[in-house]
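In what follows, subunit A forms one complex with subunit B and a second complex with subunit C.
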Partner chain A sequence: MSGGIFLTKSIKKYFALFALPTILVFTVIFIIPFLLGVYLSFTEFTTVTDAKWIGFGNYVKAFSNKDFLNALWFTLQFTVVAVITVNVFAFLLALMLTRGKKGTNLFRTIFFMPNLIGGIVLGYIWQLILNGVLMKFEVTLTVSAKYGFWGLIILMNWQLIGYMMIIYIAGIQNVSKDVIEAAKIDGCTRFGILRNVTIPLVMPSITICLFLTLSNSFKLFDQNLALTAGAPSKETSMLALDIYNTFYGSVGYEGVGQAKAVVFFVLVALIALIQLAATRRREVEN
Partner chain B sequence: MKIKKLLGLTLALTLFAGLAAGCGNKNEGAATDNSGANGGGNAPATAKAEEIYFLNFKPEIAEVYEKIAKDYEAETGVKVKVVTAAAGTYETTLKSEIAKSEAPTIFQINGPVGYQNWKDYSLNLKDTKLYSYLSDQSLAVTSEGGVYGIPYVVEGYGIIYNDAIMKKYFALADKAVSVSSMEEVKNFDTLKAVVEDMTAKKDQLGIKGVFASTSLAAGEQWRWQTHLANMPLYYEFKDNTEYDNTVLAGLASNEVEFKYNQNFKNIFDLYINNSVTKGGLLGSKSVTDSMAEFALGQAAMVQNGNWAWSQINEVDGNVVKAEDIKFLPIYTGVSGEESQGLAIGTENYLAINSKVSPEKQQASIAFLEWLFSSDKGKAYVTNDLGFIAPFNTFNDNEKPADPLAKEVTNWMEKDGITSVAWTFAAFPSEEFKNVFGDALLQYAQGNKTWDEVVTIFKDTWKAERAK
Partner chain C sequence: MQKTRGRDAVLFVVLLVLAVLFLSPILIVLMNSFKGKFFISDTPFYFPDGQTFIGFKNYTEGVAKTGFFNAFGMSLFITVCSVAVIVLLTAMTAWYITRVKSTFTRLLYYIFVFSMIVPFQMVMFTMTKTANILHLDNPLGIILIYLGFGAGLSVFLFSGFVKSIPLEIEEADLIDGCNPVQSFFRVVLPILKPIAITVAILNVMWIWNDYLLPLLVIGTEYRTIPIAVQYLKGGYGSIDMGAMMAMLVLAILPIIIFYLLCQKYIIEGVVAGAVKG
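Moving on to the complex of A and B:
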């Protein structure tokens, strides 16, 4: 008991000291740039060191810009499709690879590997592959926004499935054998076990995976830039790419780009928080 | 439950953190990447006013600048840090580099429009020797009596052709045209007849297409949305007699008619219909691809400028001989184009950063004066950089010897030939060019009609000018 009090006391005493480095780093590379970013969204500037306050003008311009709204719509479509496909495939793979079959470890490694390659590299590799396939039909990725959209979906699946699969595998392995055995004795079918036992018990993994795919799809940038760069005519630019293009692409629009980034941040934060709250309600204690 | 709450909080924080870095830190991130990739090796900690920083625009000659910098340091003790922006990212790089404490002291602007972006950073160079060296001082970027940009190279572009293939064609017994050499091709109709007949006989000629691919991949469209678009607008602004210069007329135009759009369409259709590559595949082609096609003898013609010589020359398996490389003006079917020459001008102006210390400004000017007036510097400019430099410090025997640069000089000196001015300096913005380039891609792929492209061209000009 006295040890406990001593520990609490020293934690209180040294808390500041031990947390300081992290807080310092966090402030310097996250909080300050973030606040600076919000401030800059209300200003007109060419370089970040000399800015002139102009109020909400940037936000008005951002929302009256049809590129931004197009990018928002494209991003939403992409996110919905990507979240569903990535999670379904990852979960199926995880189910297959937790049956204790031969070579399980090898396959887990192979499926995980694409995740280790950077987005830009993946984007260019897939651009070559997809253009190579489309060559047979005498078109390229840039011919229609549809090709770019499905190209991005394939790329995203290929990259993220392995990672999500690992999280699902961990979740599935955590499901107690006793519960499954009990269900079997009660005469539950395999599908029944999956639906009524496994899925409710891996709900925490689902929460994490949904969160990760959702935010990753929404924030997608590298892959988008490398695969299509928005072609044709910006029809496949997603929000992050549109922000980048606004910031660097048109002179005098740096502030508008910054305003778009702030709107983007609020959107992603909102969606992610709603999703977290929604899935967490479905979690049950193991 | 507590664990889960903590988990939720951690996830939320990770998200905020990632995003904050995403929107706030963008600039610093980009800048670091850049110097890491390009200038990492030459940024010592002992930087005094003894070091100047040149942000180079032309990746194809980056290595030469490194050599020049070494030589200059050996001679004068002043260190020149050369950083090269990757193709198409100059403005981006400049924007992040100039915000640093060790900012570029010499940078490049692309003309009167570019000067508007950087006027707060450009030093008045009126009293420098460098300005006095200019053989034609009207070429400089001036504003309200001050001189802010010094052109350092004159360039020309047109249709580059391989004379060996052309001779082979003109020697054919069953050719359908009456002309028998490229000298007789003086207008669009003749060019079209020749090109279309060549396409019909491409197997006999051993080529895959008359023109190298019309590169329309993202970032590879400048030959069309800037250079080719120059032709119709040059004629449109020339019709405006209020101004004696097409750039000034262009800068004063808040709207354009795109009066000569049919002429643009003429030549653009000719390019894509007689190309090595089918229309649907052009969206994946880069400038390098099409220069390689030309160098390997798969195509007889390619639209590009004299800077392309090194690219042609360096392709592995290059079959084009230097003496066979010739220039043809870009004929588009405008009446009286028989006297039209190549498009000659510049969009490369050097500017000195007005926000660095006066010592650094002086050191930077001294470096440029050395480069363009000392024997050693001039030798580099002529032989290694291959510039046709517009300075009176260069003698006739100090002009570059590569075949395309020679052709540019020849065309400039031909009697009765008027060069087309580089009017694209008056285009409203990069965004305008990119939107037009994207529309051209859509047109080439068959997703947009020509009328839609014309509308996009006019609307974007108006919208971008109004910004």
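Moving on to the complex of A and C:
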């Protein structure tokens, strides 16, 4: 322990070299803009320097704004459907790919690949394909919000299934073969093993994947912009896109945009806190 | 035995069909990139034929329209420099705040972790203004901006790893007469290599594909690849589909090459980042 203090003492002198550059940049680029953002949400402004305090006015405007409420509802629906579909498919794929069969690695490589492609590119790839399919029914993606909604769901599945699959595979491979053998000897059916042995033991992976898909879906922007850009009118705008349009779509709404952004931040932080609580509780149980 | 073999065959066929389904979007885009622009939206699922095939014309037009090679160079420059700066500086910071225990360093650690949950839209406007005021709105300045935004996750991942390194190694080095700077670069940094790869991979994937941040900060003068692709969507929603297909292929190609070269690190890095993050 005394050695630890010796180490601390000798490193401490090098604060300016080791820690200061990152802290300085982090303060200027993140901390100050964050605090300024919270403050500006209570003001009226067009540039940062002409802010006038107006209290909760921007928040009142945000919550009486039809586009914002629509975006909030669209985002919530999208997130629920995306989280369920992505995780179910990813888990099934992971089950199929953990049986030690031929070609497993190649399949894994293929399924994971879409995850590396950026959101803008993904959006335009699926715009081509979905419009191609919808053409057979003489409509396009932007005719009705429901096409945009399911289009985004398909896109999100294509992008995230492989990623979640990889995490599930890691979890399933950690389940010891002995436990499964024991269950078999006890006369468990295949489904019984899955339900009573595998799923409880990969619970940590499930928590991680649920929250990864949750926050990825909730914060979606690039894919939304490229696939429909909110069309028709603003019916398929998600929260992030609505905030962007409020800031840069028209002059005079910067305060409202910032208030929407704070609400968005609070919701994302809430999701993160719930995740933290869920992870903690699981650690206590184990 | 017969039964399992039959089941295996079914499983293999199911996986094969799924793999083809997963690859088909990319192959369809590739196929369409060789067709004339007016044949793409109408018949996206047909192979190019004598009438629709136009060779590499979409590519030459798309490259000219978007300045693709400049955008590629810009993306490469920003990604490589930012990731190098992030990995080096946040490793040093994480080592410092983990080894020097005080209220200040503990507070710093929590602020870094906190920044991970703040969505970009929260600081989008104020950060862009700050960048303008400080003249960080250029390809060099944006490297610092990426350091600011990447610091949270990177410091968090490095700190977790540093905690697992026994103090004795560094102490022995210090007692041997090395100063902490030598000790960090000679002893600590090599030990950090696995987590440094994870941090680098996660940041590469983020920065290379990032659209909104570079658009807001340097977008009026410079284009990265995502900005170049989005640029093809004209002012009134009209898109030159031919050029778009070619640009999509060119945008995906570097990613696939990178993936095939570093597949093992990418998959491991993503899993490690997810489990801790």
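The rule is short, and it goes like this: the second predicted complex is superposed on the first by the 240 of 286 C-alpha atoms of A that agree within 3 Å, B and C clash if a C-alpha of one lies under 4 Å from a C-alpha of the other, contacts with A are read in each partner's own complex, and residues count from 1 in each chain.
In this section, contacts are C-beta pairs under 8 Å (C-beta built on N, C-alpha and C of every residue); 3 or more make two chains touch, one makes a residue touch a chain.
Keep in mind it's a predicted model, so treat the numbers as computed, not measured.
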In the superposed arrangement, does A:S64 touch subunit B (first), subunit C (second), both or neither? neither
Touched partner set for A:A261, first subunit B, second subunit C, both or neither: both
State whether A:I110 touches subunit B only (first), subunit C only (second), both chains, or neither. second
Which of subunit B and subunit C A:W126 touches, first, second, both or neither: second
Touch check for A:R99: first (subunit B), second (subunit C), both, or neither? second
Of subunit B and subunit C, which one touches more residues of subunit A? C
Touching A:S233, do we find subunit B (first), subunit C (second), both, or neither? first
Classify the contacts of A:I29 with the two partner chains as first (subunit B alone), second (subunit C alone), both, or neither. both
Which residues of subunit A are in contact with subunit B in one complex and with subunit C in the other? 26, 29-34, 36-37, 47-48, 131, 135, 208, 219, 229, 240, 243-244, 247, 258, 261-262, 264-265, 268-269, 272
As the complex stands, subunit C meets subunit A at residues 8, 11-12, 14-15, 18-19, 22-23, 25-26, 28-29, 32, 40-42, 44-45, 89-90, 92-93, 95-97, 99-101, 105, 108, 111-112, 115, 117-127, 129-131, 134, 144-145, 147-149, 151-152, 155, 167-168, 170-171, 174, 179-181, 184, 205, 208-212, 225-226, 229-230, 237, 241, 244-245, 248, 251-252, 255-256, 258-259, 263, 266-267, 270-271, 274-275
Complex contacts: residues of subunit A adjacent to subunit B: 26, 29-38, 46-50, 127, 131, 135, 138-144, 204, 208, 211, 215, 219, 228-234, 240, 243-244, 247-253, 258, 261-262, 264-265, 268-269, 272-273, 276, 280, 283
Subunit B residues touching subunit A in their complex are 4, 7-8, 11-12, 15-28, 91-92, 95-96, 98-99, 116-117, 120, 216-219, 278, 280-284, 429-431, 434-435, 438-439, 441-442, 445, 447, 464, 467
Under the touch definition given earlier, write down the residues of subunit A that touch subunit C in their complex. 3-4, 6-8, 10-15, 17-19, 21-23, 25-26, 28-34, 36-37, 40, 47-48, 93, 96-97, 99, 101-103, 106-121, 124-126, 128-129, 131-132, 135, 158, 162-163, 166-167, 170, 208, 212, 219, 221-222, 225-226, 229, 239-240, 243-244, 247, 254, 257-258, 261-262, 264-265, 268-269, 272
